[in-house]
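Working notes, beginning with the structure itself.
Think of it as A, B and C in the order they're written, each chain with its own count starting at 1.
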């Protein structure tokens, strides 16, 4: 009886050691290629097709994806295809001529014949209408980026799941943006 | 200027018809050189959460796990456990918004084990490993005290009802299926279904799709009456912890010293984790059971084989979880004319100029992976079922009321039901009279 | 123990719980109502705003409407901000309410003290045995259910992919202007080249073409495709190659914006560009900037508008194809207008895969897709550059200065040399393999002492280059050195380009006279056949057959089986 008990215990110990070893092995294998830094989600602006999913699929009520403007690339056009509806009636700042549904793009005269366009991020909903307009016939200086002050960095980003062009990628936390015209 | 304007207008018109994707690097309008003193504004890039804060996360996890051991074994104090649970719920749940999470880390670990290109963050790895190691030493104190999903369900448990053993046995199979599927889909690099279908994360984030919120609310509603339904019947991490907990160095005991078989604790566990003493079985059944056990052991390979076959059979459909397979299917059907029109994904693919042959060979490779994974998945689930049947046919002998090694979540509820505990605490004077309380 | 206090605590806790519960319910109710209203009302409002904007576009002077639009737009935006604020605050309130509710209930429950055993499990042997048996049965049942589910889910068979590759077939046929590589050289040896259009001798069939067009026939399988059009109507035709019966005729709806006008010269017309066909679809482009794709059953697959072309004589470049990409050379305006583009559209969807700005002026040449040392290049020619692009990506490979006005003859590639024609000026031969501007490095030879064509594209058999000027002078040039071997005045006017079939030169004049001559060191006319009507299009060649588009009819020349 006593012998039986100790055999049982021995078996237990073996199993225990085995389990610990297995956990350690799996962890070690994973750790061998683990990275100390974390990863965050970002949009590759060159793959983005401005489908509009970013505005609706984010788990946040107000998407973490916003439009950003790379001013150095901008043509400062008087007729900005990212700002104006197709065939605008007049080139002013009236609501009926604006493309942005939330009025998040500001337009300001700089010098003849240039106009500056800037994004009010509080209003932007990431619908990418302006991105589409800008990249079709402008320079593509308007593009979407995940804003990391808002992004929860979900393990499985639900916009990434819904992204038709696989534009969502994981990037290192040390270089969390993919800004056009900058080396990465 | 007028001429220029009309020129632009016609271009603008073309935009409507020509809904094209971001055309790479096409500079249509050269950026101006300003004569005035205009300064180019910088593009703001607000940084993500400090990487350093992750050490805080790990520290909180280690601290919480250590405290859980302290409260469960040392203090034997439900109040402490409850408090710790609430702190965890607030920190990992509402503050960290349920992400990072040990349960979801299963996906990251599986993917990193099978996909060479994927690099797992240390944080995710530690969150996966630490509770496992703690469980090997101290049982499932993670479930009872630290896990925010468990804490939320524990909190809403108001009117616990018993789930009959047979029902519990079969429902628990779901967790194994879920675990198998989660590893399967994550290892193929297709989806982190644990994260996708986390029922409570919507509450932690205080936003989410209406479907997931309703799903989570239903779980909580059921959780008012059934103790921790997600933990017991679905949680894939819980399944791993269950098995490790069977081997743990220490285990939760209802009584601090000896069981007086007073039956007081019998109804105290809302999770059905208290095992009652076994009675003598009626004479005939012992022999019948022994025979059955033999048959089941012989049948185990057959059951496993059926599982392997079923896993392979289902893998074709399952591979549609993968976005690339779905895309390949879609492109193929569009080209063959079996579906009408296009979708965003197929348009994006076609506009990318990528070769369809590459897409198809990718999809075929993923499908092959799914098939292999399917064999393992099916085999795993069937094996679990087979072993469960075998376990149900083995007669274990118990004389005391004990907390099941596998099922006990170390919540500490049963302690106060035990008269011996009250003796230990000095609430009751007589050491022998405790049983009559 | 002081039971009264406990009881009081309990009642208080329960009362608080009730209040918190009611509060949570109210908040949840509000949130739900807000959510469902948002779902039902907002899309409608956005649609309405869109409609209002559309109306406004047609009546830009309606200031009242403008005011309404602004008001409405503001309202929508305000609603959105209100909703965001509400749902954010609501969620916190609801969570707090529920927290208090649950907390109080828990507290009240905990005050009840240790509960006695309510429902234990039976501990007698029979009960335990029954439970075990039932558990086993349930597990078996679970197994069965899982298997059934697996079979149900797995029943949808997975797709066996077959990537259809029609590229080989494309290269073997006559799917674009002057053949798959735009060279005008047919691989077929045995093609009937003699006939009499008036008597019908040698003509297999003749079928009227409803509308005028300068474009040449293209072939795939049993189909011949053409297009035609004028300022009112644009059409695409499909003929049965065996019988000549029209299979279908489709009107193309122009997307030319209202008020915009396209006025091509009469010599160019609205449908000068030749179609392209890729085994699944036929593509057509018109002088209006409309591109359209039809499948072989005549169903419109997609249509695009490339913008009103700014072309002096009218847009005339034919379509080319590289695998699944439709290549469009859309040259317009002056060379510094930054308007010219080269598009590669996905054939299936019309989605642009790439597009390249071209620093060139409007031109009337067609792009050719040729295989140079295993890599496909798109060679284009316009003022002031002949540019070659990588066919897959559109990346520029090389360019050569080509300063000339009104360039119409397309380039051809043969035997390692690219031939570029500066109308009325000179013929250039460019060596392959260059990168960047190769004007100084890769020009094999130039010849400006010949009758350089201004419309017809050249043709080469890899030994000699043949050029045909529109006033009928055919010149044979030494392939290697660029020296004139012979020239011959054919005494006809030409708009179509010469071809080489089975080692013979084939040319068809404006009057409709088809001249067949020998290639080689001496000029020797083999035959001259009469079509009987005027002809501006280059013929298309198939095995044993030749298709010629006259200005009224489509002819199929060949022997009866």
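The working rule: contacts are C-beta pairs under 8 Å (C-beta built on N, C-alpha and C of every residue); 3 or more make two chains touch, one makes a residue touch a chain.
Quick caveat: nothing in here was measured; it's all calculated off a predicted structure.
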With centres defined as CA means, the chain nearest the overall centre is A
Higher number of C-beta pairs in contact (A-C or A-B) found for A-B
Expressed in whole Å, how far the mean CA point of chain B lies from that of chain C is 45
Separation of the C-alpha centres, chain A versus chain C, in whole Å, is 29
Taking each chain's mean CA coordinate, chain A and chain B are separated, in whole Å, by 25
Residues in chain C with touches to at least two other chains are numbered 87-88
Each of the following residues of chain A touches two or more other chains, namely 61, 87
Touching at least 2 other chains, the residues of chain B are 11, 13-14, 18, 20-21, 23-24, 26, 28, 207, 347, 351-352
The answer for chain C against chain B in the complex is residues 35, 87-88, 91-92, 95, 102-103, 105-106, 109, 114-121, 123-126, 128-129, 131-132, 134-143, 146-147, 150-151, 153-159, 161-165, 255, 257, 260, 280, 303-308, 324-325, 338, 344, 346, 348-349, 351-355, 357, 392-393
Given the complex, residues on chain B that touch chain C span 10-11, 13-14, 17-18, 20-21, 23-24, 26, 28, 155-156, 158, 162, 165-167, 169-170, 173, 177, 203, 206-207, 210, 263-264, 266-268, 276-282, 285, 303, 306, 310-311, 313-319, 328-329, 332-335, 342, 346-347, 350-353, 356-357, 360, 363-364, 367, 378, 381-382, 385, 388-389, 392-393, 416-417
Counting only contacts in the complex, chain C reaches chain A at residues 46, 52-53, 56-57, 60, 66, 69-70, 73-74, 76-77, 80, 84, 87-88
Within their complex, chain B touches chain A through residues 1, 5, 8-9, 11-16, 18-32, 34-36, 38, 40-49, 51, 54, 97, 99-101, 104-105, 107-109, 112-113, 116, 119-125, 128-129, 132-133, 136, 191-192, 195-196, 201-202, 205, 207-209, 243-244, 247, 249, 323, 343-345, 347-349, 351-352
Within their complex, chain A touches chain C through residues 61-62, 85, 87, 89-90, 94-96, 101-103, 123, 125
